[in-house]
Amino acid sequence: MGSDSDWPTMRAAAEVLDDFGVAYEVRVISAHRTPVAMIEYGRDAADRGLKVIIAGAGGAAALPGMVASVTPLPVIGVPVPLKHLDGMDSLLSIVQMPAGIPVATVSIGNARNAGLLAVRILGAGDEGLRAKMTTYQQDLEKLVAEKEAALQATLR
Amino acid sequence: MGSDSDWPTMRAAAEVLDDFGVAYEVRVISAHRTPVAMIEYGRDAADRGLKVIIAGAGGAAALPGMVASVTPLPVIGVPVPLKHLDGMDSLLSIVQMPAGIPVATVSIGNARNAGLLAVRILGAGDEGLRAKMTTYQQDLEKLVAEKEAALQATLR
Amino acid sequence: MGSDSDWPTMRAAAEVLDDFGVAYEVRVISAHRTPVAMIEYGRDAADRGLKVIIAGAGGAAALPGMVASVTPLPVIGVPVPLKHLDGMDSLLSIVQMPAGIPVATVSIGNARNAGLLAVRILGAGDEGLRAKMTTYQQDLEKLVAEKEAALQATLR
Amino acid sequence: MGSDSDWPTMRAAAEVLDDFGVAYEVRVISAHRTPVAMIEYGRDAADRGLKVIIAGAGGAAALPGMVASVTPLPVIGVPVPLKHLDGMDSLLSIVQMPAGIPVATVSIGNARNAGLLAVRILGAGDEGLRAKMTTYQQDLEKLVAEKEAALQATLR
Amino acid sequence: MGSDSDWPTMRAAAEVLDDFGVAYEVRVISAHRTPVAMIEYGRDAADRGLKVIIAGAGGAAALPGMVASVTPLPVIGVPVPLKHLDGMDSLLSIVQMPAGIPVATVSIGNARNAGLLAVRILGAGDEGLRAKMTTYQQDLEKLVAEKEAALQATLR
Amino acid sequence: MGSDSDWPTMRAAAEVLDDFGVAYEVRVISAHRTPVAMIEYGRDAADRGLKVIIAGAGGAAALPGMVASVTPLPVIGVPVPLKHLDGMDSLLSIVQMPAGIPVATVSIGNARNAGLLAVRILGAGDEGLRAKMTTYQQDLEKLVAEKEAALQATLR
Amino acid sequence: MGSDSDWPTMRAAAEVLDDFGVAYEVRVISAHRTPVAMIEYGRDAADRGLKVIIAGAGGAAALPGMVASVTPLPVIGVPVPLKHLDGMDSLLSIVQMPAGIPVATVSIGNARNAGLLAVRILGAGDEGLRAKMTTYQQDLEKLVAEKEAALQATLR
Amino acid sequence: MGSDSDWPTMRAAAEVLDDFGVAYEVRVISAHRTPVAMIEYGRDAADRGLKVIIAGAGGAAALPGMVASVTPLPVIGVPVPLKHLDGMDSLLSIVQMPAGIPVATVSIGNARNAGLLAVRILGAGDEGLRAKMTTYQQDLEKLVAEKEAALQATLR
């Protein structure tokens, strides 16, 4: 992520990875403030054994696209909403990449989904992880069923 | 994709997969017109050996998110622009997924990037494919260098 | 509705139906978290004797359109505003349905109007209910007249 | 509709009603140019035996909401896109009704869906019509299946 | 105005008219809740001696345009911002009138400017009022000069 | 207006004034290219006997507001749409004036309405002109009635 | 700036200039409230020895463009966000200048960047200042590195 | 610029520089396709004697901001409009830079203004160039006066 001020938003991605037992590292690297470090980080990522990169940034959010430009790995972009424009600038800056360099963009401020997408990507080549994702989705179903039951109890 | 009218847009994804030697299938399945077939398709996808799903749709574009809701595989969404609103409705309908079910969204009308993202995702667990992606990115660099040279020749 | 967190918004629809003496049921069913239950609910709705379905959802709000795709009943969509974008994403995801499957969309967060629209729809074939709606509209007129009188009193 | 220039857009609603064998009338009445005629039309509609009103308008599109204010019948609004803003002004002017007076809004320029919504509304109290809608939806499914087959043939 | 809840916004117009010594009346009349009263009010306005009408409304804000449709007087529209969309829906619903019926629209929530515009309109045929407006504008200039002086004092 | 390229848009205002027999002058004066001439023009306008000023401009459209800042006359702003953004930038630049200096804004590209608003403003103090406006509005009603009749003939 | 209410936003520009040891003056001058003073200020600026002008304004923000129209100096515009629309109106009113008169626009509410841009502009012709900017950018890099280190400490 | 497809847009900047007799170079360098070349170009720019950099890009337009992150020189950003969204994504991606790294953004597709802004920036430290800019602005005034005269001739 580009700044430690993004951590309260981005931490949800880390929590998901913890839940799924996926190892990860957290780094503060800025496209606009540490451009060379960012390039180096992206260049080395695949060789260091990383499989997926999650990049969160706000405003003129160049980080996800720039990292994607220097790695062959899939890069997931999280549009972090800033004080103005409700994340619309962050979303467009991340998702509207030119042909050639894709960024897998998730919803505004939704780092949890970035983590889940990373698990799905890793699960494409890992049956165990894929099974965990299926279980997670079944748990979501149960959770909705419980909420439904709780609401019905309230309404009676 | 939701309609054969999306094929002129979506074909670019197929071309990328051909270029990278990745096997794929093309299907016309609509969230709103063939909901049950869509659910079944999504449910069976992982068991049938698919690794990634690319879903393109326009307007109130439910297809990518609905498919993601019934598969543990990564789903890539392509916002297809319709006659009005320039794809902004398609983009928001695809990217703004609730916590729990992510869709990896690419830029409006950019099926080429969906194909490239699929290759990156598969490449996360396939060194050969990752190497091809690196080569592809080097080719992009060369292409820009050639355009640069051509422009310089024009300007002289 | 897709989540019990939508209930504070959606309850206004239930209150209207109570006021008009229209029987109804409230259900938490999610397009993205319980897709199969949603399909089944929609499929059975007409046979179970339901006449109109009100569906509220936020963000990439697939619920109203997906339910409409599996029932011949009229479906009313309520765009629930989430934390970002002020409901604009919810509105476009619900209203911009493709030709073939309509959703009767009301204003952002306005479940009260969804309830009133349901009453109007039922009233199309029920003179008694239509008469109640006419009375309701006359009451609105009186309410405005009273507010007008109260304001005039203040201004003097 | 507010102007005969809306007819090319609105005609699709009439065609749907013809297809479903639903009787209807077509009128050019403008909220801003013939306000009194509009009020009278709306006031008499229910007594004249109309069951649903479809109103299309563009820009500061007051027609659907104004008609809804003087009738207890369900009113369907079609946002007609004008030369600028791609129908976004029409959409917001129609859908964002205040609490008390709902308009059932369909997608921008989508009069076909307005016709289908009218059929669904009438079908809420008419089993024969509802059965026709179910058949129509099955036909949509078949159409997608045929397109799918045609595309597969092309791809081979 | 359409509701007494608009009064906190609209009161600024009344204050301006008080300051300029212009007689006025305040009315709560709703396009969607009291359509007939609104039409009658608009129809009689010129004969009752009114010269300008200020109409404030929010959301699908039909009031200014509808009043303009039944009077030959100039109508000033104030887009009242509601809970969602920050007044953008109100603005477009008021300003985007079709050719034939203009509404003089001022900035979102800016009833003060509506009052000042009414004074300018009346001043077009009233030299005394125009002179007062000139004085008002000179006072604005002085106010800025004083603020400038105060700021300079702070900075030293 | 700010440029002769605005004349195809603005000419509709002149045509209205011709129709109503209102004398006027047409000037090309630019806020950003001839600022001093613009200030002088605005300053002298009232003394030269002008009653209303219509100003059309596009993009960062400063002309209407700047003219309003140096005259006590009512100023009508026409947002001229440029090549990009469909006039939304022009609209916001004209309508969103700060408290103190109003601009009477009409719909995007709608100079005809600017002319009609000027007539209404002048008619506030001129019974003859007001009567003409009433006649014009009745003609609009007749025109709609004729279109209605023509359409009914087509449909039979 | 156009009002002393912009000072809390604009002060960040002054702080940057202090940090870089660049002399400056702060003025409250309004395009719409003190148009003549604004023109005079702009006209004299270059002769008085100013090198760059920073102008902040909100809503229909004419100040930056109008000052640019009467000076050959570079003018930096800061879109000040007002109560509604989150600064989008301010941004478009400042950045969308017609060909001929540019305004160097920075991000919404970001006066700090306006100050930094002024330093870069002055540094184009002043090696000492340019060196300070390079140092500032290195300090930004260090700051990110420190935040990174602090975060890593937290995560362990 | 990021692609030779931007040249038709960006060429207007070169023409301005030719007109003012300012030496320049034109380069095709892409943030996303040639990231390392871009970083190197930016890093060396000041030492090579460049004074100002103009960067045009479209969509998720990272180029201007990334170049600004590696040079202390002023960077001017031109939002190049792509096929969808009319340049709004390009504008937000360029202008909404985080505090610390400014980009001087001009209007959508307006490379001419980028050239003029570069001249103004260079003119801040070069009296001759500033005088030329003053002459240019006087020529603009004359041009408007001529257009005005031509229009008056037409109207007579």
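We just call them A, B, C, D, E, F, G and H in the order they show up, numbering each chain from 1.
We take it that a contact is a pair of C-beta atoms (placed from the backbone, for glycine too) under 8 Å apart; a residue touches a chain by one contact, two chains touch by 3 or more.
Small disclaimer: the values here were computed from a predicted structure and weren't measured.
Chemist: Where the contacts of chain A and chain H overlap, which chains show up?
Modeler: Chains in contact with chain A as well as chain H: B, G.
Chemist: Count how many hops through touching chains it takes, at the least, to reach chain F starting from chain A.
Modeler: The fewest touching-chain steps linking chain A to chain F number 2.
Chemist: Report the inter-chain centroid distance for chain D and chain H in whole angstrom, where each centroid is the mean of the CA atoms.
Modeler: 48
Chemist: Roughly how far is chain E from chain G, going centre to centre by Cα mean, in whole Å?
Modeler: 34
Chemist: Averaged over CA atoms, how far is the centre of chain G from the centre of chain H? Could you give it in whole Å?
Modeler: Chain G and chain H have C-alpha centres separated by 18 Å.
Chemist: Which chain H residues reach two or more other chains?
Modeler: Touching at least two other chains: 3, 33, 59-60, 69, 85-86, 88, 95-98, 100-101, 103, 107-108, 137, 140.
Chemist: Applying that definition of touch, give me each pair of chains that meets it.
Modeler: Contacting pairs: A-B, A-C, A-G, A-H, B-C, B-D, B-H, C-D, C-E, D-E, D-F, E-F, E-G, F-G, F-H, G-H.
Chemist: How about chain D: which of its residues touch chain E in the complex?
Modeler: Touch residues, chain D against chain E: 2-3, 31-33, 35-36, 39, 58-62, 65-66, 68-70, 82, 85, 88-89, 92-98, 100-101, 103.
Chemist: Across the complex, what residues on chain F touch chain D?
Modeler: 81, 86-88, 107-109, 137, 140-141, 143-145, 147-148, 150-152, 155
Chemist: Report the residues of chain E in contact with chain C in the complex, numbered from low to high.
Modeler: Within the complex, chain E contacts chain C at residues 3-4, 7, 26-30, 33-34, 37, 59-60, 83-86.
Chemist: Which residues, counting only chain B, touch chain A once they are in their complex?
Modeler: 46, 51-52, 69, 72-76, 91, 95-108, 110, 112-114, 116-117, 120-126, 130-131, 133-134, 137, 140
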